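Naming follows writing order (A, B, C and D), and every chain is counted from residue 1.
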Amino acid sequence: MPFDQTVNIGSLTLKNPVLTASGTFGYALEYDDFYDVAALGGICTKGLSLTPLVGNAPNRICETAAGMLNAIGLANVGVEAFCREKLPQLRARGVTVIANIFGTTVEEFVAIAERIEKDEGVHALELNVSCPNVKKGGLLFGCDANLSAGVTNAVKRVTKLPVWVKMSPEAGDAVGVARACQEAGADAITAINTIRGASIDIEAQRPRIHHRTGGLSGPAIKPLALRIVWDLASALDIPIIGIGGIATAADAIEFLLAGATAVQVGTANFADPEAGAKVMRGIAAYCEKHGVAVRDLIGRVKRNGP
Amino acid sequence: MPFDQTVNIGSLTLKNPVLTASGTFGYALEYDDFYDVAALGGICTKGLSLTPLVGNAPNRICETAAGMLNAIGLANVGVEAFCREKLPQLRARGVTVIANIFGTTVEEFVAIAERIEKDEGVHALELNVSCPNVKKGGLLFGCDANLSAGVTNAVKRVTKLPVWVKMSPEAGDAVGVARACQEAGADAITAINTIRGASIDIEAQRPRIHHRTGGLSGPAIKPLALRIVWDLASALDIPIIGIGGIATAADAIEFLLAGATAVQVGTANFADPEAGAKVMRGIAAYCEKHGVAVRDLIGRVKRNGP
Amino acid sequence: MGPSYHLLTFEAGQEIVAFPGQFAMVRGATWGQAPLLPRPMSLLEPGRRPAILIKIVGEGSRRLAHASPGEPFDLLMPLGNRWSPCPAGQRPILVAGGVGIAPLLFFARELAASGVRATMLYGGRSASDLPLSEEVAEVSDARFLTEDGSRGTRGRVTALLESAIGETRGKSKVYACGPDRMMAKVAEISRGLGVPCEVSLETPMACGYGVCLGCPVKRTSGGYLYACMDGPCVDAAAIAWEP
Amino acid sequence: MGPSYHLLTFEAGQEIVAFPGQFAMVRGATWGQAPLLPRPMSLLEPGRRPAILIKIVGEGSRRLAHASPGEPFDLLMPLGNRWSPCPAGQRPILVAGGVGIAPLLFFARELAASGVRATMLYGGRSASDLPLSEEVAEVSDARFLTEDGSRGTRGRVTALLESAIGETRGKSKVYACGPDRMMAKVAEISRGLGVPCEVSLETPMACGYGVCLGCPVKRTSGGYLYACMDGPCVDAAAIAWEP
């Protein structure tokens, strides 16, 4: 391949820098009708908890300007069912699997990681310390440097897999939290998870989301995500995986230029199930046009003078 | 008037709950061709500094999905020119004037407030402790409870005018910062200022904003702003003035229902110079339809069960 | 058709095989970043020129309704399940509220094609809320109801349901699509008379194919059904209707 | 017209009094939340049916260019200042690059109406980048240039400027609109030959009427000009061109 698309996230080499985001791609098996998901750099599973969760009461979603709110509440099949029912099928397809995991305590995170360790087929763990839609855990961890580092460190001790930590944009000091995770052994930082928002139905005079607030995602948050990724990439030594509002290859390339080593496509999968594949192809076309390998795009944005 | 539109922000009674936002409405004199700005609840001036500022190098603005980034850098005529050249004209028109003021030190804030105190015609001060586009001051103040409270307290001591403090959405603990300002004597909290974002031109491989980052505003941030206003209104005793992405009366009513006592229209003025007037009329129509005074809308949103 | 109902027909470029009850996720190819999500719409007709019936309730439906000829759209279809077949010996009673007629007219046509003329109770606020009523009358034994009495019987569709079921001496199956409150009432009446009832769920949806988990509906047996994957056509008895 | 240039004419419903160099802020009334901001566009024609010339460079210009007949738009106009009149005894030399022709064709028509036939140097990448060239030739002494030689002289507009000024023996005034780099070069040549030069600034704009402060242009005397209020037509000598 003249314009190499592979990137390295620590010890893990991805076929290309495009992953699909947790919670927006199911367990990837849903995409058989659309495209070969094994061609992706990777897929991040729906957030896995120690035991199955049914999630929040409806309404869980509503649309906002160029974005959406969601308060799914981490409805998922649980790590056990995932490993037994989904993982073998993903393995058979040759998919690069990132398990997104969520616990309400450090012990839960550790137990999930240990369970995953027992099977083959997961290539990295992504710690969701930034879910805004659950009562316990979630944001509490992700906005605090010590707590985030504590989770990271505890998980690192029980797994041989690379550990990615997924950041909240609500941490007052995102760089500080990320740096603490880096020091605790994180192999990469994923940024960003959603930021909490609200919407009110003025005729019913009720929140549109039953949970009152939901996580804002989609193109609306792209500038925010890009800024945070840029800040993190400038400050840290480990790779940053950029996410937030990416719908096109052009969006993804902005993140690469800002310093992301890879990107994730989230909400865009809803409007177009093939969004991930299109972003992948578009990046390759840009590399060809500019005559560069994808890793030469990383952090290439020029700085302006004062 | 059967459906009273007046609201009280501390000791100040506004004709109606609609103001126009700082930096998006010039000094209000620019609107003579469009409508009578004295009919508004109030206008917030462009941020005034102690001495005139020329602002940042171009490009200062760019559009994003349902939003825009700006890094104007607080270009303004300075408080002296404002008081001499603009204020008399505003006074003559009977406009309710909120002076938005900005300093890089507590002393500067105080000096500006003292200068304004000397003239008639300003009805309240809005402290911009949350500007993301300047090298000193700005966010530094607004994200720290002690610093914000310090500025508030110092200004309160030299002015008889009501003091509003304008919050940054980037404070890790917005409620904590606002509460500290309340305790320091703030008469109201304005929320929110812009949140920092970035955008990259992938062909030029350069930031679209010379300053690298700019403040994100417009409909994109409305869910975020509404959530913060809702949180603040639930936690504080002083009035909250809601702002962020308000373009229509329906948007404004969401903020009132969430607990804002008044609202500000910002970026929407650019697409439609009459946006403020339209929001004003739309709220009155809603009050008529629902048979309530505007103050009965404040905080009226219903809570969902668990 | 009333001012707020619109029929939209697409040139699919290929034969779309779909069944009554199934839906499409529809998005304008030129919408850009807002509206962001595709909108779920029941299929009214399959084939090379699939059609939907739109009621304007917000920005997305407004743009669909006012599409200009030749405007490009992205459609994901067919999605979800179909109305379950009506068992032999049971008479199908279709109960439609307003735009809920779309999947039921499609169903009535399928039934008619197989030689079964369904009973249709079709209601709305006023005469203009009964789009496609002539087409409905062609393929079913239709009774119209309006709340203001401007067409057919004055009242709500549920007013005639009991007698319609009675006419079949309980040998019927009810299929309903319309506002939640109407469907809950239809479900209650059917249960009371011991006849099976199926409803087509309407919830907000982001994806339409099971990955966002944004379309839950409370289940009587605990937890949630997902409207796009477990429905939209579901046994009414499985649903824990909101009070 | 080339594939990426489009003429858009509005039914203003009233007489728009505007002068060459002034612009409009244009936004589709149905755009909703994105594109958010109106787009600045030079007026090509005033009157009851004002017109603009659009080059597609992004989403906003694409939507304008592909507007369907009857589509509603919000226009704020006229905004900004006009080209300053050409002093008696000086020959107007208009230098246009691509879509920069719009305010200059308007100007050439005004000059022609007052009995002055301007010199026009009109350049683009290739023949298809010279929209409205026939209209231009009608009202001015036009010389066309293309970089690929597909029409007129091969080269850039600036190639002929020196000789055009020379022909007037320095008794001319230059008016330029086009890409920044072209205008900088035109300004440099004019200054070198001691003739006055005016340019029409293009910057991003949010409001168009002086409140956002988003349209600064660096001034030689320090600080900034604002393109919407101090321009768009400004003395080229006042501008500190980027290197």
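Note that a residue touches a chain if its C-beta (ideal position, glycine included) is under 8 Å from a C-beta of that chain, and two chains touch if they have at least 3 such contacts.
Model, not experiment: these values are computed from the prediction.
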Report summary line: Neighbour overlap between subunit A and subunit C returns B, D
Report summary line: Taking each chain's centre as the mean of its CA atoms, subunit A sits from subunit D at a distance in Å of 46
Query raised in the report: Which integer distance in Å separates the CA centroid of subunit C from that of subunit D?
Result: 55
Query - Centroid distance [mean C-alpha coordinates] between subunit B and subunit A, Å - result: 34
Query - Where subunit A touches two or more other chains, by residue - result: 57, 65-67, 218-219
Requested in this report: Hunt down the residues of subunit D that sit against at least two other chains at once, touch-wise.
Outcome: 33-35
Requested in this report: Assign the assembly's chain-to-chain touch graph to one of these shapes: line, ring, star, complete, other.
Outcome: complete
Query - Complex contacts: residues of subunit A adjacent to subunit D - result: 65-66
Query - Complex contacts: residues of subunit A adjacent to subunit C - result: 23-26, 30, 46, 54-55, 57-63, 65-68, 70, 72, 75, 218-219, 247, 267, 269-273
Query - Touch list for subunit D against partner subunit C, complex - result: 32-35, 59, 68
Report summary line: Per the touch rule, the subunit D residues reaching subunit B in their complex are 27, 33-38, 60, 74, 76, 203-207, 209-218, 222-224
Report task. Name, in rising order, each residue of subunit A that touches subunit B in their complex. Result -> 57, 64-67, 69, 143, 170-173, 195-200, 202, 204-207, 210-214, 216, 218-224, 226-227, 230, 245, 250, 253-254, 257-258, 286, 300-304
